[in-house]
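Per-chain residue numbering starts at 1, and chain names A, B, C and D are given in the order in which the chains are listed.
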Amino acid sequence: MVLQRVAIIGASGYGGLQTLRLLAGHPRFEVTFLGGERSSGKRWSDLNPFLPLPGDPVVQSPDPEAIAGVADLALLSLPNGLAAGLVPGLLERGVKVVDLSADYRYRSLAQWQEVYSSEAREVPRSDADLCREAVYGLVEWEEARIRQARLVAAPGCFPTASLLALLPFLRQGLIEPAGIVIDAKTGTSGGGRAAKEHLLLAEASEAVAPYGVVGHRHTSEIEQLASQAAGQPIQLQFTPHLMPMVRGLLATVYARLRDPGLTADDCSTLLAAAYRHSPGVAVLPVGTYPSTKWVRQTNRALLSVQVDPRTGQLIVLSAIDNMVKGQAGQGVQCLNLMAGLPAETGLPLSPFYP
Amino acid sequence: MVLQRVAIIGASGYGGLQTLRLLAGHPRFEVTFLGGERSSGKRWSDLNPFLPLPGDPVVQSPDPEAIAGVADLALLSLPNGLAAGLVPGLLERGVKVVDLSADYRYRSLAQWQEVYSSEAREVPRSDADLCREAVYGLVEWEEARIRQARLVAAPGCFPTASLLALLPFLRQGLIEPAGIVIDAKTGTSGGGRAAKEHLLLAEASEAVAPYGVVGHRHTSEIEQLASQAAGQPIQLQFTPHLMPMVRGLLATVYARLRDPGLTADDCSTLLAAAYRHSPGVAVLPVGTYPSTKWVRQTNRALLSVQVDPRTGQLIVLSAIDNMVKGQAGQGVQCLNLMAGLPAETGLPLSPFYP
Amino acid sequence: MVLQRVAIIGASGYGGLQTLRLLAGHPRFEVTFLGGERSSGKRWSDLNPFLPLPGDPVVQSPDPEAIAGVADLALLSLPNGLAAGLVPGLLERGVKVVDLSADYRYRSLAQWQEVYSSEAREVPRSDADLCREAVYGLVEWEEARIRQARLVAAPGCFPTASLLALLPFLRQGLIEPAGIVIDAKTGTSGGGRAAKEHLLLAEASEAVAPYGVVGHRHTSEIEQLASQAAGQPIQLQFTPHLMPMVRGLLATVYARLRDPGLTADDCSTLLAAAYRHSPGVAVLPVGTYPSTKWVRQTNRALLSVQVDPRTGQLIVLSAIDNMVKGQAGQGVQCLNLMAGLPAETGLPLSPFYP
Amino acid sequence: MVLQRVAIIGASGYGGLQTLRLLAGHPRFEVTFLGGERSSGKRWSDLNPFLPLPGDPVVQSPDPEAIAGVADLALLSLPNGLAAGLVPGLLERGVKVVDLSADYRYRSLAQWQEVYSSEAREVPRSDADLCREAVYGLVEWEEARIRQARLVAAPGCFPTASLLALLPFLRQGLIEPAGIVIDAKTGTSGGGRAAKEHLLLAEASEAVAPYGVVGHRHTSEIEQLASQAAGQPIQLQFTPHLMPMVRGLLATVYARLRDPGLTADDCSTLLAAAYRHSPGVAVLPVGTYPSTKWVRQTNRALLSVQVDPRTGQLIVLSAIDNMVKGQAGQGVQCLNLMAGLPAETGLPLSPFYP
């Protein structure tokens, strides 16, 4: 059995570490290149003694030529704006790319430049064609296109949880397009490994706080996909909150049902049908609600539906591990598809509980 | 200076412990009776060696006659249904009562019996008159009536945070009465000190989960007050979530503005005006959002407002300490008013940060 | 490839859940029986919706006859005293047993009855011969005997971490037999899934506390093995502490070097040599100290050594995951050996970091 | 009643914030100067909206002349090496100083320069006389000298907990001077508010790890005082560990009893006698062990003693809040004494539990 060769760029960040852990047990991929800027030239075990890698490689500067020499696929886990500097060179040399950043999540470069304006000021880009070409890597909804793609933009953690909950209802026109509220809660690992005061344990533990209220960048990413699914422009309310925990993400999604006669059982059946071919998405029985702990260390999304007959509100709960299904795991799903494998190959679906 | 004598019933639960801590520094109250069922007859320091009390008293069975002999005021921190067995006897003997349970929060006994149906089956009650007499102890909105009351029902933690955010806008008719969503997050201390599997550290840490989705008991409590303020029946969506932390409660409140031209600054000004005489409620500048950590160990509520001009949504953030402003602290505020003192007497407004 | 059939008894406790998660990815074992008393007759997904099992089995009452009909091996994860009621019946029917409880950890039944006196009062036992026959399942030191065993007593979590640190030095006579101090720290999952007040998140988080100071049961278990290795009776100081975290165990071991000229490098070399054939035990470079986070969700032990030339003290740090190497993972190692497989088969050595 | 005027230098760090919180309820002190380098010129509420201060002052650059103009006392909470630049100017102008850093904790400047060698390279110092003059602010043992002092060096958090446990036994010659082991555990707030990767919630939560094994700076600080008390040089083993919590510090102290006949009750009586005049130090009954949670947000130390008659080991448990008794609270105790007040004035002795 021939192994596909994978390069991981940004290996010491949380996205890179998580990808390496997931690939440690993967039956068909072999990591052949570890890239990093700051850690370039250092031996892996000196940087991260807790994650043993075969051969204890040295981290290298992410040069496209060097990468193309040893890898068929590359997964980029870099700060926003930096992937765009690397991707064209990789694609030219025949390396297929999964990018975990936001650089190729918008079909329009201009929209990226508007939403990520501070990054856009730092990094001049002219790859509008690649933005149009890139496939949005929401595996359950784009599997066929991902299989054919050279370049996949893995979705953000909040959009992943939110869209898995919303798309089935929007596609079928079952909810009002206006008035959707997504109240989301995430662990601090979503903020990355770079030291920031508000992510210190002393600050973030025993604390719950909203941030980016109105106008958080993921709003536009969610709206892009939601509008596409609904066939009409959607503007919704998205409010992220920082939780005192490392990993886990819960989106509590509120929307008005068009048909007030629909019950929670109806909606649950519909949701289950939408994901009947997706082993990584499970719908819980009505009345059982997901804890983020139930999906930690897994590539699984757990959904649950409730309806308030008094108000006509539909409530969809959507729990994922922000580091796995919300980032590295979904990235590996995309790699799997691009390598001709089933999407879940090598990915864990059971948590280490508790 | 004559000290008012206070009895604390349910002293070893979290509500009782928090009340005792708050009264430890109170200039005008003296705790003269510690009541408890299970711990009756035991010395305080054997039960709770971490909270030294003057004279190291013995916990007593909560007998109304004994309480009335030594106390002017009583604060009850008992499971739902039990206060109703004690209150009539205390009032008859001239002891004024603040009850932290839900027993007297509804004006109608029948509604209590419907919402708290399992408790109602255990405890036959016929004190509908006391339900009508009891004052709902939301201090910022009921100060005058509390001052005159014999019996005050301290609000629940979720209603406190939610109503502080909503009432100013409902009173002035600035938001649509339909479509209100309250997405609330609370620490595990809200579940009490009795051991339950889902509140174990091993279960509840590194976990965020919703519960009581549609139909949580606090929904009706919030709606009772919201309807009163709006002058029309309000039905809203309330979803509580359990957070991996001990104390703190955040309500994220979504409502549609009637006048889409209102800005966040307008709404913030209005909110600040509503609480200009309430030293325990502060409105943060627009763009600054409260962390529950900012109000821990305080009787303060921190509010912040944002408006999304695209969707016309008003978002109000409301953070309290569920054990203080959400329970024992608000109870002490009520005791203060009933004793003729300023509401904030002896109550902390600054957190031990971090 | 023929799969070995394994029964898990006590499936819904933390030890059982962890074993099931580990076996979910095991290439040579198949779980054919789920046993439990309280949960008997219930469908697995109703009990633990977060851990999907193939076929969604029903939990059964742990009857030896039924177990022997479908399983070659059984892993028991039961409260102390209960395994002894089940083991004889299983062995008679040819089922090999790994017991995670303390019931067979002492070579002498009388000593067990002394140390576990309260359990001994509840459960009359007469299986002194099985106590003598049982092999202590510390894999790195008893591999050959475990391979031949019918009955293996998996070590306690504290003894595992402590003995991995101590045995190499005791065997070689490098440390003084008197004056050894083991200061140990464990997560709350060690206390099990049954609800207890002191393990509530509200109680155990933001808290560090010692317990069982002088005379904790694991002291005698450690001393039994330490004495055997030293060839003389060892009496040592063992103090466990409860940490505000779910999983992870660190033993900080202090001992006086006999030869004051030995350096940290000398001791580190010796330790590495002792475990050179043990892929699950790694010795960190001198000056790098293990975090329990580095071994979470792994069956790995991380050791590190330091020497204070001023005082002649040797300090050995030993970190494990109390639920994996300290319990279920070591149990699976034993199952592997009893089934003729390499000890690490199917066991993870890399953490999901962070 | 005339209020003493206090300047707080380093107000936005954790030491400064904690001091301000403690002084918020102080009956005899008034904060008249807030000093800070980075935050100089900024309004307090913009920096720390969670801690309201009367008059919402502006933070100022810490100029000795300006400080002396408005303050009688100054409390410095600055990184090591920086206080020494400010103290001479303050003392010359008649301002009494409590310094929370290590700058004046050693009687010998040369020793400070050796232990804090990196700081010494940055900051040339020639104030050996002030090092000799400064009083070590361990209140329970130096009260008389602190009352007369111009300059007090508040002890480190680890030395405070360790010395409170050790000094009574060393003074009376009850324990062997050799072989003492201090295994200490602290929350992450001890690392300060500046962002560092290893103190991120994502890194430090669900993790226990040792650091500074052999040679941590606090070793020499503890030894200086221990030697003084014993009347002979003491060299001991001190190992700090980082805990997954914000605040709290536990020292588990092991020492050999000289008289093997001494019981835990004997030792507990002795300890209680040593602190009979210290309201902030309490000795728990034998068999009750302190949790750090029991002293959070208090200036209390909780001690407990156990003896292992088999090994002759004495074990002393010592729990404090590292931010209060281990830092700011002890600083305020010193300010109290220097202002002629009882040491505990204005300081909390009860925790906000849980």
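Here is the rule we use: a residue touches a chain if its C-beta (ideal position, glycine included) is under 8 Å from a C-beta of that chain, and two chains touch if they have at least 3 such contacts.
What you are looking at is a predicted structure, and each value in this text was computed from that prediction instead of being measured.
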> Between B-C and A-B, which chain pair is linked by more C-beta pairs in contact?
Replying inline: A-B
> What chain is the most remote from subunit D, judged by the mean position of CA atoms in each chain?
Replying inline: A
> Taking each chain's centre as the mean of its CA atoms, how far is subunit A from subunit C in angstrom?
Replying inline: 37
>> Can you compute the centre-to-centre distance for subunit B and subunit C, using the mean CA position of each chain? Integer Å is fine.
In response: 45
>> Taking the mean of the CA coordinates per chain, how far is subunit A from subunit B in Å?
In response: 39
> Which residue numbers or ranges of subunit B touch two or more of the other chains?
Replying inline: 14, 187, 189, 193, 202-203, 205-206, 244-247, 291, 293, 296, 354
> Any idea which subunit C residues touch subunit D in the complex?
Replying inline: 178-179, 181, 183, 185, 187, 202-203, 205-211, 213-215, 235-237, 239, 241, 243-248, 250, 252, 254, 256, 289-293, 296, 306-308, 310-311, 313, 315, 317, 319, 354
> Hey, which residues of subunit C end up touching subunit A in the complex?
Replying inline: 14, 17-18, 21, 24-25, 48-52, 189, 193, 206, 246-247, 282, 284, 288, 291, 293-297, 302, 323, 348-354
>> Going by the contact rule set out above, which residues of subunit C touch subunit B in the complex?
In response: 14, 187-189, 191, 193-197, 199-206, 244-247
